[in-house]
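Paired with subunit B in one complex and with subunit C in the other, subunit A is shared by the two complexes that follow.
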Partner chain A sequence: MKGLGLRQANAWLHTWSGLLLGWLLYAIFATGTVSFFRDELSFWMKPELHASRPDEGTAARVLGAMADYAPGASSWQISLPDERNPSVAVQWYAQGERPSKGGGSRLVLDAATAQPLQARDTRGGDFLYRFHFELYGMPRIAARWIVGVATMFMLVAIVSGVITHKKIFTDFFTFRRRKGQRSWMDAHNALAVLALPFHLMITYSGLLLLMFMLMPWGVQSAYQGDLRAYFAERGGRGAAQVAAPQAQGRAAPAPQAPVGPMLAQARAAWPAGAGGISVMQPGTTQAVVELREGGSTSLLDRGRAQRMRFDGVTGVRLPMPAEPAPDGVSMVYNVFSSLHLLRFAGPWLRWLFFASGLLGTAMVATGLVLWVVKRLPQRRKQGGHAGHRLVECLNAATVAGLPVAMGAYFWANRLLPVGMAGRADWEITSFFAAWAACLAHALLRSHRQAWREQLAAVAVLFAGLPLFSFLAYPHSHLAAGSWLLAGVDATLLALGALAAAGAWTLRTPVAARPARQREHAAANEVAA
Partner chain B sequence: MTPAGLALGFAGMAALSLGMDRHYEQVFGGEPGRCRLAALRLFGALLLALALEPAVKAYGASVGAATWAAELTLGAVAVALLLSYAPRTLLPLAPASAALAAWWWMA
Partner chain C sequence: MTVASGKDKAAGQARHRMDIASRLVLAVGGGYALAALASASLALALPLPRAQAVLAATMLSFALYCALAVWAFCAASAGRAWKGAALLAAPMALHLMLAGRAI
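So, the complex of A and B:
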């Protein structure tokens, strides 16, 4: 880039790295933002669980029922209901089975009755969460590489964008409406600058989460390729849990101590109380009950929820081996990864991050639109241009098309027969079929029509979902006292309204339209 | 999220924006004096710093700092939108929001 000043060189870098990876980054940002509410969404997508209402006696009731569901198991794992998921998930391992993430037997229980609930087959929020960093239908590692490289370019785009920005402080609060390209520029700048701490943090922490794959050499050479040893030494992610006491000799059946007083001790020690219960050798003389802290109050000790242990028969608190405090490097890693994964957050901070994520998604979207708008005058003079037209199509099919695909995914979740074979896969098929249809639609229609019709589709799909839930599931709305479900529905309504507003502004005839949309219309004429 | 932190973030960002020529004229309609601009900016920065207190008190240092940053962002977005769509409403809203924050603080 000889001959260009620092600013122009960075502008060039920003424009082209942004365009090349913008569509992928938009998808990563959008699905990542939704993933802040992954648990809530998964719950929303399983109406069979909606009637579950936790109460004071839930833990004791579930432990009692476990003796029927899993007698003679070597251990029980119980995830207690919380504000993000009011149902109870249980898992148990048979004697001699090695505990593993995918192993054991599982059930989902109603918190009020401890009866098993049969939820529909769906990937729920997990599909969008996985898509956020592993895409879909391709080898995991390859996909993570693609996302990792895109994330690096995002960091490049953020830094070069800041350098390119001529008046970062003078224009800090500036958004000039109805000024065509100027407005898009202002919107892009404001969305980027006002949420810059979030953008930097989320991009950088995203890279850190992938760093052991992207830059493995340091750790590999220092630990001779033994990543496990590295993590164990760090005492953080993937480190061996404190070993469970081993059964000694034959354990005889024995009555168990009530769990209530144990939970009371947990409530006294931890702000959020206990989030999970493990019982080793349940129902025997050697039973040990372990409580895990629900949520976490600091960013520094990710993955190290506090634990308490009790003798299962006497209910006496047992000593826990002391865990070493995290060192400086681990703390930095923990802070960033906790911020990204938001494991610690209560509902309000989750909303704040969701809003910031929406700002980031909109920043990428406005950047993509800006590329088209900026080149319009030139294109108008020179006539049609295949590359320009392609960017227009991809813009509409990504920015408006991805929400259409999400809407199709949610509707498939509602409408596909519950007993259908391969149901979860069909939901995902609906997602990609709708997205592909959006791309075809954008290629067939003019630029403005594509935007308007796809935004209208988003509005209809999103706004229809709460209505459907209201009519189809009596437990699934605010009247039934579920703020969780009402929150999901209200968000869908709000996003639907936003899309409707977008479709509405693109409706007016050319003459009466403000400059910005006239340019859109002109683009169509050029393209047609 | 803390109501006091959000209100302080909004009021602080509003004061900061009014400490700039362009937005001062938009809202007050007159030529600003240099001293007044500087005072507004100082006041805005002070409010933003104060917004850290309720967040840290509610969530502890690390989670509180993250909450604070997100609250300031929302405050700034609200100010930017108001300046574009209804600049003069900042005049009653900003002091009201600061007063509300003071009230929550006392409570």
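So, the complex of A and C:
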């Protein structure tokens, strides 16, 4: 800017691009981070499935049971249990029904008995996952645009933030405790730099996942806007998938080959074995069994889990046309989108990404707080300032209020009657009601009270959930051998403890606090 | 930010606001327009098979958008920022016109 150096101009840009959409970015980061454990969370939120224990015979048992559940179906799709979800999901289509995303009939089965399980009605982790890029209760496209714009602001904030920091490495090792604004600045820097590659990657790949909506002009100029022609030519998104064999007339019933040897072939070929089984024209002379690779491990060919086909009657492996290897540019895209979607990752990498996501969430949060703290002395001189007070309220109601809303969502999942009509919607209503209550609370209380009380609420809500699970669902904890559920509970406990620590540091009355905190509190009173 | 020294402080402040507004329009609107132009032009110009060129051009456009947004606020004056952006846009617009592809 005029009269400003490169660094000051970037500092200005960083501050304002960060603040303007900071609250939305915080919500996107927080819900997106939780989405790394979307499957685990969904499973945790359905206690009726918790007793499911997979074993060697699960696949054969489920296939046997499918003959009772869906005789005469045109196809069965079976998602086998894995480390993220030990239950079995099955889906089937009637003869003549077109396979579609929401169509067909579905059941969830117990892996040990193949008996249907009636899980409570919940959106589980999917609600938070959808929220992180489609928000809620608004047209999907509009919401994606809003999130896309926010993501672009994030990218600008990251780049200008890096330029602002000439001493990025030294700053990283600097932390000045209890120095007010300096401490917040140091924390913000350390959090940002610590996971900088992750922040850049997750932000840029987020843009890439929305790119044909945000930036359709390349397809417009080279393909006259025909996205379908573009995908067909690139050979991605299932264009190379082999068409399912069509039934030729009504096939006669026939005994089926055992699935065990087929699964053994899959185990030999793929590190994780088979993750899913489809059977076309099951139970007939025309039956074809298709195995899909479990947890595709390659970053380069996302969406192209390997497949094998077998003749359902003889068990003989059928030839499949080789899938073309992705080209270099597609590989770049695939690596970015795989890293964002994280379908390939094992538990350790998943935890690392979750931790990085938490750092990113904390980075946005400390940035928002820093904005307030930095302007406090000036605002105090001028007396109350409506804009400043608004930022304070929005900070508390977003940074502390969103976890409160999540806690309310999880508690609603536990406490609402299982047979309640519209149960899943009531869970979501609880989420937004709690969030709205936090905003009202922040407006009514002083800045410090709002933070302290909402953090205390987070601590109570989060720490109470594992306790409730322990008492109400004996299958849920580690004693029953479920690392998966114990992991969710332990994470809730840890986050609850973190919130409690936050509330604890804000407890001291004004008089007993060191000078800078006294200033802080006094300014709050002015603002309130 | 900078406030013009001298007798007419208010005029200086107004000029400063105009300066910021001008840069903001360039960063948000101009940045998008330039990224869109670049993705449309590069999709045709990159020496790659058509589908890959489109993918590469679209992926790169966000980096360009970001770079221009930062440039809009770093340039010595708003006018210079606009001139730089126009210089960048001209060849790409020309290319698209010659290719006969209005976007």
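Everything below uses one rule, namely that the second predicted complex is superposed on the first by the 514 of 528 C-alpha atoms of A that agree within 3 Å, B and C clash if a C-alpha of one lies under 4 Å from a C-alpha of the other, contacts with A are read in each partner's own complex, and residues count from 1 in each chain.
The rule is short, and it goes like this: a contact is a pair of C-beta atoms (placed from the backbone, for glycine too) under 8 Å apart; a residue touches a chain by one contact, two chains touch by 3 or more.
On a predicted model such as this, the values are computed, not experimentally measured, just so you know.
Touch criterion met: A:194 reaches subunit B, while subunit C stays clear of it.
Contact with subunit B, but none with subunit C, is seen for A:345 once the two complexes are overlaid on the shared chain.
In the overlay built on the shared chain, the residue A:10 is in contact with subunit C alone; subunit B does not reach it. In the superposed model, A:160 makes contact with subunit C only, not with subunit B.
When the two structures are aligned on the shared chain, A:211 is found in touch with subunit C, with no touch to subunit B. In the superposed model, C is the one of subunit B and subunit C that contacts more residues of subunit A. When the two complexes are overlaid on their common chain A, residue A:353 makes contact with subunit B while staying clear of subunit C.
Of all the residues in subunit A, the ones that touch subunit B in their complex are 170, 172-177, 190, 194-195, 197-198, 201, 297-300, 335, 339, 344-345, 348-349, 351-353, 355-356, 359. Listing the residues of subunit C that touch subunit A in their complex gives 1-2, 16, 19-20, 23, 27, 35-37, 39-44, 48-59, 61-63, 65-67, 69-70, 73-74, 76-77, 96, 99, 101, 103.
Residues 1-4, 6, 9-10, 12-13, 152, 155-156, 159-160, 163, 204, 207-208, 211-212, 214-215, 217-223, 230, 233-235, 327-330, 332-333, 336 of subunit A touch subunit C in their complex. Taken in their complex, subunit B has these residues touching subunit A: 1-2, 13, 16-17, 20, 22-23, 59-63, 66-67, 69-71, 73-74, 76-77, 79-81, 83-85.
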